[in-house]
Amino acid sequence: MCPSITRYNFHTYSGGGRMALGLALAEGRLEDITDELLNIVYRCTACGACDSSCKYNSELEVLWPIYSTRAYLAGMGYFLPEHSMIIDSLRKEDNIMMKPKTDRGKWAEGLKVKDLSRGEKAEVVYHAGCLYCYDPELSIIARETVTLLQKAGVDVGIRGSQESCCGSIAFQLGFQGEFIKFAESNIDDWNAAGVSSVVTSCACGFGIMKSVYPLLGKEMKFEVLHITQYLDRLIKEGKIKLDRSIKSRVTYHDPCNLGRKSEIYIPWKGIEKKVLGQFILREPEKVICRGWNGVYEPPRDIIRSVPGIELVEMERIKEYSWCCGAGAGVKQCLDDFALWTASERIAEAKSVGAEAIVTACPWCERNFKDAIAASGDDILVYDVVELLRQAM
Amino acid sequence: MQIVVCIKQVLDPEMPYSAFKIDADGKRAIPPQGTPPVISPYDENALEAALQVKDAHGATVIALSLGSKLARSILNKPLAAGVDELVLIEDPAAGDLDSFASASILAAAIRKIGGADVVFTGRQAADWDAGIAGCAIAEELKMPCITVARKVSVQNGMVRVERLLSDGFEVVESPLPCVITVDSDLGELRQVTMQGLISAKKKPVSAWKLSDLKLESPPPPRCELLELYIPKRKRVCEIISGENAEDTAVKLADRLFEESLL
Amino acid sequence: MGLSRDVYRLFESVVGPENISDDPAILRSYMYQPFGCKRGVWADISPAVVIMPASTEEVVAIAKICNRHHIVFKAMSTGWGIHNVPGVEGAVSLDLRRMNRILEIDGKNMFAVVEPYVICAQLQVEAMKKGLNCHIIGAGSNTSVLASATSVVGYGPDGLSMGYSGRNLLGVEWVLPTGEVLKLGSLSTGSGWFCGDGPGPSLRGIMRGWEGAWGGLGVFTKCAVKLFHWNGPSELEMKRVPPNYVLKEPIKYYKSSLFSFPTLEKLAEAALKLGEAEIGYFISRLSPAFVGLQMAAGTDYVNTWNTGMLQEMLKYAFLFVIFASSEREFEYQQKVLAAIIEETGGQVSPISETQEMQEQTSTAVIKVDAVLRSSFHPTGGFNTSFGAMDTVDLALNIIRVGTELKDKYIRKGALVDDGGDNSATLVFDQGHLAYTEMLIMYDHHDDESAEGAFQYLAEANQACLDKKLGPPIFQISQVGKGKHGAFGPACFNYDMWLRKIKSAFDPNNTADPTAYSPPEE
Amino acid sequence: MVLILGELVKGRLSTNTREMLGRGRELADNANGRLALLFLGDKVELVAEEAIAYGADDVYLAENPQLGTYQADTYLQIIEKAVKDMEPEILLMGQTSIGRDLAPRLAFRLGTGICMDCVRLDIEPISGIVRMTRPVYGCKALAVMICKTKPQMASIRPGTMKSAELDRSRKGQVHALATDIDMSQIRVKVMAKVEEQTDSVSLEDAKVIVCGGRGMGSSDSFSILEELARLLGGAVGSSRPPCDAGWMPSTRQIGLTGKIVSPNLYIAVAVSGSSQHMAGCAESHTIVAINKDPEANIFAMARYGIVGDYREILPPFIRRTREILEGKGGSRCC
C-alpha cells in the first residue's frame, strides 16, 4: 500500500522506518543531514497509507510524525532545491505552479460567473485550485464544473485572480509557517465573502481544508465540500438529470486527500497519567482517526448514477487505496517516482478489466495522464465531472 | 568585471506572528519549526541588481555569506538564479556579530576573493534592520558607497545609480570599484528555473572558516545589546458600532476628533 | 565502524547500487533500543551496511565476500524483534524484503514453497483459495513463515490442530555461513520439497535445533511448509470498520468458547485431555488483561480492570475453538468438549457466548491478528520472558515462578499490572507438547520502567537456572550474548552441541553468533 | 554635549529635527550639558534662530555653496572634523535618506557604534549612558542597546519623539565652521535630483496615512482613499497585495519590503494586518482599522476599529470628517 517502501525497499522508506528516522533526528542521534536523508524524507507522497494500515488495529500516529520530521528539517533550512522554487512561487504569486498571479483568473474568462473578489455576493464559492487554474488541459474541467453548477441552479461565484493556493503542498513539504498564512487568509476571505459553502474540485485542497484548517482555531463560517459531495446531492435532489447512457466499464481511484486524509486530525492535548503501574492513561482519551470516514461513497454513487456505466472496484480501495503518486510535491519535484507509482495503479486498474479510471482530483488525473502518455497505455482517465457532462 | 554580492541568511521575516519566539536570556530569536530561514529580502534585490549588470556587460558574480550555521539548500538559490560562485564563511565564532564586525570579516573575504569592481548588499538585513554593514564594508575597503539604489547601470568604467529619496530619487555616478546597497524598488530576484537548478549543482562552492581569513576572533561589538523583547501590544481595540454603517462612520469620525486625531 | 570502499563496491556489484546503503539515515532504521538507550546487548548497535539480495545466488555471493573479508553478516526477514539485527558492530545486515514470493502451492501434497519475506497472512490467503490453511505463530499473521519454520520458536495457538512451525518444515534451501548451498530433506535428492528428511540421518535437528538457528547459521533462502485442510470460505470477507473488522458471514461448524477453571492445575488438565482427545482447532490461555484489552481500551479498560471482574472470571481461562468439517464431527467435538470441561470443573464464560465475542474471536483466531492490540496498547513497550515449548508440567512451573517474580516488579511499579500471570500458552501439537511464555508490558521511554524490565529479564533468566526451568525461550536471544553457555550445564550441556555445530558449519564465524552461540574455543 | 545634525525641508527645520531637539533638550538637561545643532548647507544662517527657539544652546553652521545639496563624501569630511573638535557625548541624526546614508560611515570613521532607526532614548542619570530602543525583526521585537564608545550615536525615526515648544525668547550662540573641502575625496557625483510628483505628501513625512489592502478589490477603488487622504492632508499607502496585483505603484507599498512609516494617524482599510505589512506601520501613533472580517489580525494592532464593508463606511465617514474640519462638528465636539 505504501508506494515509497514498495519502490525503494529499505525499511527507512516505510512508515515505521520514517518514525525511527524522525525519532533519531529529534533525539539528536542523527547529526549529519545527508542528501540521501532528504531523498528518503521527500520520496513519500504523504498519502497516509501507513497511517491507515497501522491503525487497522493499533493506535499509532504515523502520518503526522512524517509531517513533523519535514517541518523540523525545513525549520533548519533543509529541503530539496525544487521545493524552494515552489515556495518562492507561492510567496510571490500565490500559486505553486510558478505562474503569474495575474493569470490565475484566466481559466474562467468568458464564463458568466460572479467574481466575489470584486464584492459580488454568492451562496457558494467555487475554489478551482492551482492545478485547474493553470493547467490548460485540465482547466476546461473547472469551466465545465461551474457551468454544471449554474445549470443546476446553484448560486455560485469564484474569486478570479484573487483566489490563492490552499497551502496544502506547503504544509506537506514542512513549510508550515507558509501554510498558516495561506490557510488564514483563505478563511478570512471566505468568511468576509459571506458564503455558506466552499466547494472545490481539488482533493488536495479539500483534504487540507477539512483535516488541517480547523486546527488553526479560526472560526470557519462556511461548510467545506468536495465537488463530488455537492454534485451527488444535486443528483439525488433531481437537480441534475443524467439521460445519456455511456457504455463503459470503469473503475474508481480514491484520491488520498478525498479519502483517508480528509478525516480531521485531532491533536491530543491533556495529561498522561500512569495507572496500574506503567499503563499510560490519557485524559481525555485520544481521538484516533483511522481514515475510514473519508469521502468514499459520493463519487461512487455519482458514477453508478450514470446510465450504462459499469463500476468495477480494484483490489486496493478506500482507506487502503494505492496513491496516484502525485502528492506532497512529488509530482513537481520527483516526477520519476510519481510516474512509477501511477503506473502501478494503472496496471491494477487494467487487471480488473477497466476501460477507464475515473477519479476526483486534478493531481491524480494529471499524473495518470502523464504516466499513460509515457507508457503508451490505452486506458482512459476521467474526472467524475467529465463523466457527468458526457451523460447530460 | 567581478561582482560580489553579500547575502545574509535570516529567519523568515514573514513568518506568522505566532511562530516568532524570543529567548530572552540568550537575547536572540528562536528559529521556528516549519518556517525555514531565507536570504534577507533586500539581499535578493541586491542579487538581482548584480545579475542585471551581468546580463548587460557580462561579469563574474560571486555570492558571499557569513554565519555560524548556513543552510546550503537556501544559499544555493543564487547559483540557480545565475550567480557563478558561492563563498560561505561558516564559523561558530560568527554567531551574533554586530554590523561593523560582520563588515570587517566580509571585507577580508572580498580581499581574499581578489577584490571586486562592485560590491552589492541589501539596504538592510531583515533581522536587525540596521543598514550599516554595506556602508561599513565600503569604509573597510576604502570604496565609495551608494545606498538605497533602485536602478543600477554600468557604462565606461562608471556606475550610474538611481538612489531612492523620501520625495523622489537622485541620479548619482561613481567610479569603480564601489559598494552599492539595494532597495526593493530595484525588483525581485528572478524566478529560479529547473535548468538553473541543474546548472547550480555544477557551480563552485567554497566554505571558509575565520582562520582562512587570518582572523583568530571577530572584532568586538561597538554596541551592546541589553535587552530583546516582544512588545506587549495593548490589544484594546475599541470597536465602534452603530445602528447602521452611516451611524457607525459618524461615531468613528467624532471619536477621532475628540482624541484630536483629525 | 564502516566498510572499506572496496568491500562496499564488491557488495554493490552483487545487488546493484539501489539495493545497498551505508547512509546513516538508512542504518538508523535498522537499529533497536528495546530498553531505551544503552540497555541490553542490542541497544544502539548499528550495522555497517544494509544489503537487500533478491535471490539465493546473491545471498551466496554476499556470504562468500563476507568470508573472504571476515565480515559478520546477519539476515532478517520481517524483522519482528531485536534479534533480527546484528549484535556486533561493523556487521552486514541482510534485509530479505525483496525475497517475498510464494514459489509453489502443491494442493495435492498439501505444502507450499516460500521465500523468507512471505508472511503468514499472504500464504493463508493463497492457501485458502485452494481449500488449504497454514499454521500461524502467536505473534501474528504478519510474521515470516520461513523465519518461524527455520529460525525462531514457531509456536501458535492454532498449533493444537496444526502442529508448530518446526514440525511443519519440509524441504529447505540453506545458504551456509561459508556461502555453500545445502539442500535438506527430499530436496537434497532432487525429488522435490515434500519431505523434511531425506535419506540418511535427519539434518533438521542440526539446522533448527529445538528453538531455531536465530540467524547464527547462515541464511535460509527457501523452504517448504505443510499446509492443512481448510473447509471455510475460499475468501474471508470482512465487515465493519477498523479496528473492529469481523467476518461478514459466520463460518459453519465453528464455535469459540472461553472456559474458566477453579485452579491452574485443572486448567492444565483440561487442556491436556482436549489435546489427547485430538479435537479442537485452536486453544490459547488468555490472561484477564489480554482479554480485557481486546474488548476495551484506555479508561474503559482501566475501569473494567479495577472492578476486578476480569481477574475474577478469567483467572484461569482459555479460549477453545472447534472448527469441524461436518455436522457430525461438529457435534462430536462439542460432546467431547462438554464432557472434558465437566470432568475438570470448567465453566463457560458468559462473555464468550455474546455474538460480539463470537464475531470478534473468529477473525482473531483464524488470522491471529489480535495480539498486537493487547500487547502494545498500554505502553507501547512489550516483551516476552520466561518460556518453553515442553511439557504441561514445565509450563505450570514456569507460570508459578514467573508470576511470583513478575508480581515483585509489578509491586515496584516497573511493569504494567496485568495480574502477574499473563501467559499466552498451552498445549499444542495435539497435546504432545505445551507452550508457555510470560509476557510483560513496560514503558520503554520511562527510564525506571525500562531499567526495571531489564532487571526483571535478567532475574528471570537466573530463575530458570535456580528453579530448573530450562533455557528461557526468546530471552537468550535478547539479554543473551552466549547465554547458552550459562544454561548448557543445567541442560545436558546442549550448548556444547551448539558450539560444535557452529564451528563445523561456520569455520570463519561470519554468521552473527549473538543470538545463537559462539563456536568452540 | 548633545549634538544634533539638523536637516532642512523647504528652508525650515525639518519636523524630524525639531523632534530631535525636543528629546535632545531633555537629554542635555539631564546630563546638565549643552544642546548643539550642526547645519551644513548654503546660506542656512536663517534657521539658526529657529533652532535656538526650539531649544538649541549652540548652533554650528557650515556654509558653503558646495554644501547646498547633500553629498556624502563632502558632508562626511566636514562633520567628521567638527565632531572630533566638539567631542559630544551624544550625537543624533534623523533616520532620513541623509541620515541612513551618512550615519554608518560617520560612526565607522569616529570609531564608535551607532543605533539606527531608534524610536526611544533613555538616559541613565549618573553614567550618562543612553539606552537606545529600536524595532528589529520587522517590528516584531524591540531591542535595547547601548553604545560603548563616545560619542553615543543614534539615528531617530521621524514621528517617534515629541517636538519642543517654540520659544522665541530663548538665547543661544551661533558659530561658524570652516568648510575647506578636500575635493580629492569626492568620488560620487550627484547628476540630477528628481522629485516624484505626488499630489499628496510623501509617506515618510505624512502625519496621516490612509492605507488600502487586498480587500479593496481593484485599483479604481483606491480613489476614495485618495479623497480621504486629501481631506486629512495625508498620503495614501498600500499593503503588498494591491501592489503585486498592479493596483498601486510599488513606491506606495508600506511594509517589510516597502516604506516604513510611523504617522500620527494610520487608517487601514481592508487590510488584514500580516506581519509583512505591520512591519511598516506598527510604530504608528494611532491605528484605525476598517475590515469586514472581525478576526482580521489588524484589529489586534488597531486602537479603533469598525467591522464592516469600507464601501458603506467611508462615504459617510468622509462626509462627517469634512463637517468636523469645517467646524460644523456635532454638538458633542464643540
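Lettered A, B, C and D in written order, each chain numbered from 1.
Methods note: a contact is a pair of C-beta atoms (placed from the backbone, for glycine too) under 8 Å apart; a residue touches a chain by one contact, two chains touch by 3 or more.
This structure is a prediction, so every number in the text was calculated from the model and none was measured.
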**Message:** My parser should flag the chain pair with the most contacts; which pair should that be?
**Reply:** B-D
**Message:** Using C-alpha centres only, name the chain that sits farthest from chain B.
**Reply:** C
**Fill in**
Between the Cα centroids of chain A and chain B the separation in whole angstrom comes to 37
**Prompt:** Which whole number of Å gives the spacing of the CA centres of chain B and chain C?
**Reply:** 62
**Fill in**
Separation of the C-alpha centres, chain B versus chain D, in whole Å, is 22
**Complete:** dist(centroid_CA(chain A), centroid_CA(chain D)) in Å evaluates to 49
**Message:** Among all residues of chain A, which ones touch two or more of the remaining chains?
**Reply:** 92, 181
**Fill in**
Check: chain D positions touching at least 2 other chains come out as 274, 309
**Asked** Considering chain B alone, which of its residues make contact with at least two other chains?
**Response** 14-16
**Fill in**
Pairs of chains in contact here are A-B, A-C, A-D, B-D
**Prompt:** Inside the complex, what are the residues of chain A that reach chain D?
**Reply:** 92, 101-102, 117-119, 161-162, 181, 185, 188, 191-192, 218-219
**chain A to chain B touching residues, read off their complex** = 68, 71-72, 74-85, 88-89, 91-92, 98, 174-181, 184
**Item:** Residue ranges of chain A touching chain C (in the complex, touch as defined)
**Value:** 8-12, 16-18, 20-21, 24, 29-30, 32, 34, 36-37, 40, 52, 55-59, 274-283, 285-286, 290, 292, 319
**Prompt:** Can you name the residues of chain D that touch chain B in the complex?
**Reply:** 72-73, 96-97, 100-101, 104-105, 107-109, 112-117, 131, 134-138, 140-149, 187-196, 202-205, 232, 250-251, 253, 256-258, 264-265, 274-276, 279, 282, 286, 288-289, 297, 299-309, 312-317, 320-321, 324-325, 329-330, 332-333
**Item:** chain D residues within the chain A interface of the complex
**Value:** 214-215, 217-218, 244-246, 272, 274, 291-293, 295-296, 309, 311
